[in-house]
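Order as written gives the chain letters A, B, C and D; numbering starts at 1 within each chain.
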């Protein structure tokens, strides 16, 4: 978090769980002020470093500036290399700092103009928040790929990624920040500008499938209801007689309820998730890693033994978890396991902030449905169709290929922005020579 | 954990999550040996101290002795006071140490005889494990109040509280340790003795209602199926027309599935649980504590608004959580909220290791059903009857008051053992004068 | 430290530097009360464990009891083994706990009587302090081997090992606790008893040679003046012409001033000590260990080059440090190095709390003066005679072999007490089977 | 420390003692490579932050660049403000980063040319070391105010501040880096350039008086011998009859030996320094702070009582320590205390890296000798004259005011460089708005 108290900015940036740091009165006492931004990121790779923890901060000539960013730039490294050639020193390897350096370099006089100047040079997906010594700023990229919503509590504005965050603190939901919109909150109230090229919104469809919490709303739709609809649509597209409909917990639960309701097959908790495995296991031995998967899920043996199962999950990436779960079900006596996936096959990698592997490791990129079923050792597998996905979300005609309503490139290969870093011939690896500085 | 390597014992005792300590190779590397015992305890009170962390260890004249214990003694303080008067020095405030001190004091020659000698002096509930330089020992109290099961992996015996632990490590379930049984595992195999007064088993009924994981078996019954049966029985006893059956997650989920199945009312996830609130929040401000409850549960507003709800939970202790959840449901637009509790009213405190408050704070101890309903601001409330509870577990005649099959004093006041500490006139508070030594 | 606030005892026991723990307001704030005892111990061996850190505490039937002890028992293990056989559980491997267990076991009614009862069973050297819920107690062993002094600050009594501790806090020196004396400080003032067999005092002569700070007094003598006298007496016994008298800092400085004054040879700081090497270096590589010695001492090359040196040190144990210092002096151009040691050769190990190695590793136990000189690569070496040592301390006749004034067994083999543990045939190694519990 | 392994740079930057971090094999194992630079700084002010810990590192377009710096720039803030206006983002508040940012901004192609380009823009005192992916670089400012020496070990070059560091690791002293010299060490050997305006050297005279260790050489002179000469010269200039010459340890010891030798008055250790007070005491209470001074020094009462003392110290800044020491001597019975300071009165603040207070707090800036003597409650006080200081260092004519051999502005007000930051009208306080980021 970074706060501003009218005179100084205060920062607390840590690795670890939010509840390990931001519940201590010693920490909260240091974070003085009446405006604040914060950022939480699930640590995915070995390159996790304290100096990459957001918000990033800079002492600019016009005052302090702190920024936090959800998403990923597609020309971030290209711009970074240009800036380094001109003499910029980057303190992190995060592409959020590219935005910050562009703000610092801008010749404009006002913070907000510098920010617009900086953002007009970048491409990609971003929902970002910033604080200066005058304003709290929220921006959503021209397509609105990543979400950003506006709420209000006791007369004060709040920006956050999901509506459930507003519920939790008892705040009122106002509206979403629109694609390409910049909102500026100050002592004078709230102001909105739209300085970028006007585009039709295309929010990321994975927010509905996997990312958002089921108790959130996005684009006017309940995430929980969408997922139930995915399950129902899948029951229509790929019906199957069975003893039970079983979700992979927790992400598959709403879809499984939808599938069960439509198919009249009983919904049961056949797999139990252990919620105490909150911490990432950091250990070298393969044997413990295998155990770690079992610690996360265990089969409810009393229920499964001798039964024909429809197993519901939201998506398949590499297929490793699905393989293990199907194996566990069979070891517990399942007679048949029919996998039903409530989204289409993932064939293309993401460059907008979703942690997908390279295309070679995407199970559906290189294999037919039959091959996938064999690989997973399932009795059958079906995916929801791309048109079924759009239908379940309220587009009765399905996906309009000329004008798709969502960012859905993982299924279609239709990327909304240029992918400049990817297409560049530059060698970006030299951009971080320092290997182990925290 | 304490391990034994044939020559030395090795111990690692820490506060915090298992995954913070017992995943580090530095820790696991220190824990050499081929027999081991361990203990995990949810820290409930301010008196949590490192020196109370189990297993406890002592260098006895006949060699090392480590012990870990699930349950609670009902004459532990009485005996402790006698031992202190004779010159014993206790290192902890745990009643497990009372057993250890009795073992140390015993005049018997063999470890196993010393252990039996010690246990014959104590009353209460215990499932315990111990290691000496020769044996791994498991004991269950004469009524079998707390659970203990025996498994096997790659030819080696395993003792644990629940069968799901065997599943997770891929071990085979053998049988339960019986009430009053002592099992002795050594290089020579396994041996069983029953040195105590023979009694009919009366396992704690709360293992079925709340404690055990749904994927475990206990006394030949699937916990998941028992809970579904509680829900079904409650649907029979207290039917109600409604839009949805909604569980308080996660403990109410299987019962709610049972209730929904029998009543044909749709099961829906109307309350979402946030699983990232794993750490206890340690902070002084009441405002943050209220937030902490909201962080744990949030209402799925899209579903609830305008609906008549049957809300399923497993039990009510003080009523504070239920009050808040009903309030959250109403704030999200619920038209009616009818609470259905899948166990009888808790009217009596526990002394066998369940963390219940004093009788004055038990909501059902002092109030009628109507008063409870008003207190919770529910439209109605029903509890499962004590006979319904027994019926759902396979006793068609209900509870036999002369010979009840379970330890169920929380509902009935029928405590299976004497409560000597409680009835004593002794002042036990002097037994721990040292307030802040770790 | 352990404190008592009239109701509870409070403890803080840590590894590390005093200034790392006992300067934090969070720690000092916890240590409430108006009586307190504390203990600091230089960690010498691998067996250093938090559970051995003093003061030790026990909840006895008559109330709390905390004890801290300087010295070593010579029958501690023998008694410990008897107690364990009777059922006592020891929490530490420290022999201080043997005293504590004897206090717990005593059948006497009063704390002070229990303490005398316990001490009358033990042999060895001890200066100890204890607090109960009524008293602060100080005891010195029958020979007064280890020191204990009494002071006063703002009307309150203070017990400590050295007079310089009183200076530092601005307290007034009252007197030494006498050999075999028990002082009892309470709200009623100070009381003194002498419950043990009356013996002539024999304080440890090493306090004068090495242990005590030069600004302390002991037995009416200034430590600084004693060391200057040792140097002067050595200049008389072993004169030598040279360019400079050089001390091994810091312990050799006062003796070197004395030697220089008597011999009229200039005193110079030829070896510089680096005071920033305060922390023990814990690392496995021999190369770094060698560096660690150099980090501690460096030769003042400008001074030494081409000169004939008299090198003064207080004692030689194994000879390793001396060897390195002489080598460093030669590498810096010293023409001749004549070593002068201001105590006699150490030929016998200590059992009263000085960390000496076994006899085999004592350089002087097995070698002649000539062999020692060769081993150290010195041009010559002389030790102060035993009679010279006594003369320098004010005994013009030298040592009286029938009635020596000091405990001086390291030089003479004349141990004042029985050495029961050493002579026992018992195998004590089994007394601590738990290897790595903190 | 930052190291370079031929491909990556590795860094370890920590607060605390060197021995707390750089003795751990886990740390040393991470610091791979065959060139390295390091930096240690005594933490003087509250603004101590991890992000200010040196060496600083940047990923430049031409590769990595790490730099560490001893000294202080006199136009660092002026340049920093210009750079920030142009869009530079500073990660620290250290003026070393100003040099790094100038290197990053330089249009030159080679690292070494960029460094020279950067340094030609700055003024002040600096001895600095840097590593790139090709070279180890050492630079000393045009006046050579701060020291830098060159050594060799096993064929490899070493740069360090003092010659004693070479002794400690067994390296050979080669020569000093000259004022205004840049040395470039690479696989091709060592190269030297002198790219700046040629000036006569003026090393800081405080290295001789206080900073350097007595076992170091600087400018061909032994620090120990210089200090003895200061004492001798002071005995000539300000003779006094007395019982003892007593140093304030440890810095006053060599001067006191010199004073004693010349005056024939016995040298004695009348004040004992406690070397275990290595850690800074961080606590709020004034009472503990007062104690902390006593913990550092204690009077050797046996010696002092009734005596007339000459007390030797190297310098007086605010006078607080001297006041307390004189008070302690009187409390211990000193009959007279005559203070002799082996340098002239400090009348002007330093801007080249010595931690002096503002001029108002310099005791000698505003008071006469008599006033100082009264303030300190000394019987008399004398300072060494400025000409006496030069004479003692081998300039028989004393200081040449037109061409002084040393940087001696603290005594004379003669600053060798411009003081641009000090004379600027700019408000620099805005340059660090972020108050508590580590």
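Quick notes
Methods note: a residue touches a chain if its C-beta (ideal position, glycine included) is under 8 Å from a C-beta of that chain, and two chains touch if they have at least 3 such contacts.
Values in this document were obtained by computation on a predicted structure and should not be read as measured data.
In summary, no chain was found to touch both chain C and chain D. Each chain gets one centre point, the mean of its Cα atoms, and the points for chain A and chain B are 37 Å apart.
Chain centres here are Cα averages; for chain A and chain C they lie 64 Å apart. Taking each chain's centre as the average of its CA atoms, chain B and chain C sit 52 Å apart. Residue positions of chain C touching 2 or more other chains: there are none. Taken as a graph of touching chains, this assembly forms a single closed ring in which every chain touches exactly two others.
By the definition of touch given earlier, these chain pairs are in contact: A-B, A-D, B-C, C-D. Contact residues on chain A toward chain D in their complex (touch as defined above): 8-13, 30, 57-61, 63-64, 81, 84-85, 87-91, 100-101, 104-106, 133, 430-438. Within the complex formed with chain D, the residues of chain C that make contact are 17-20, 23-25, 164, 167-170, 213-215, 217, 222, 224-225, 250, 253-254, 257, 261, 266-269, 272, 274-279, 281-285, 288, 291, 294-295, 298-303.
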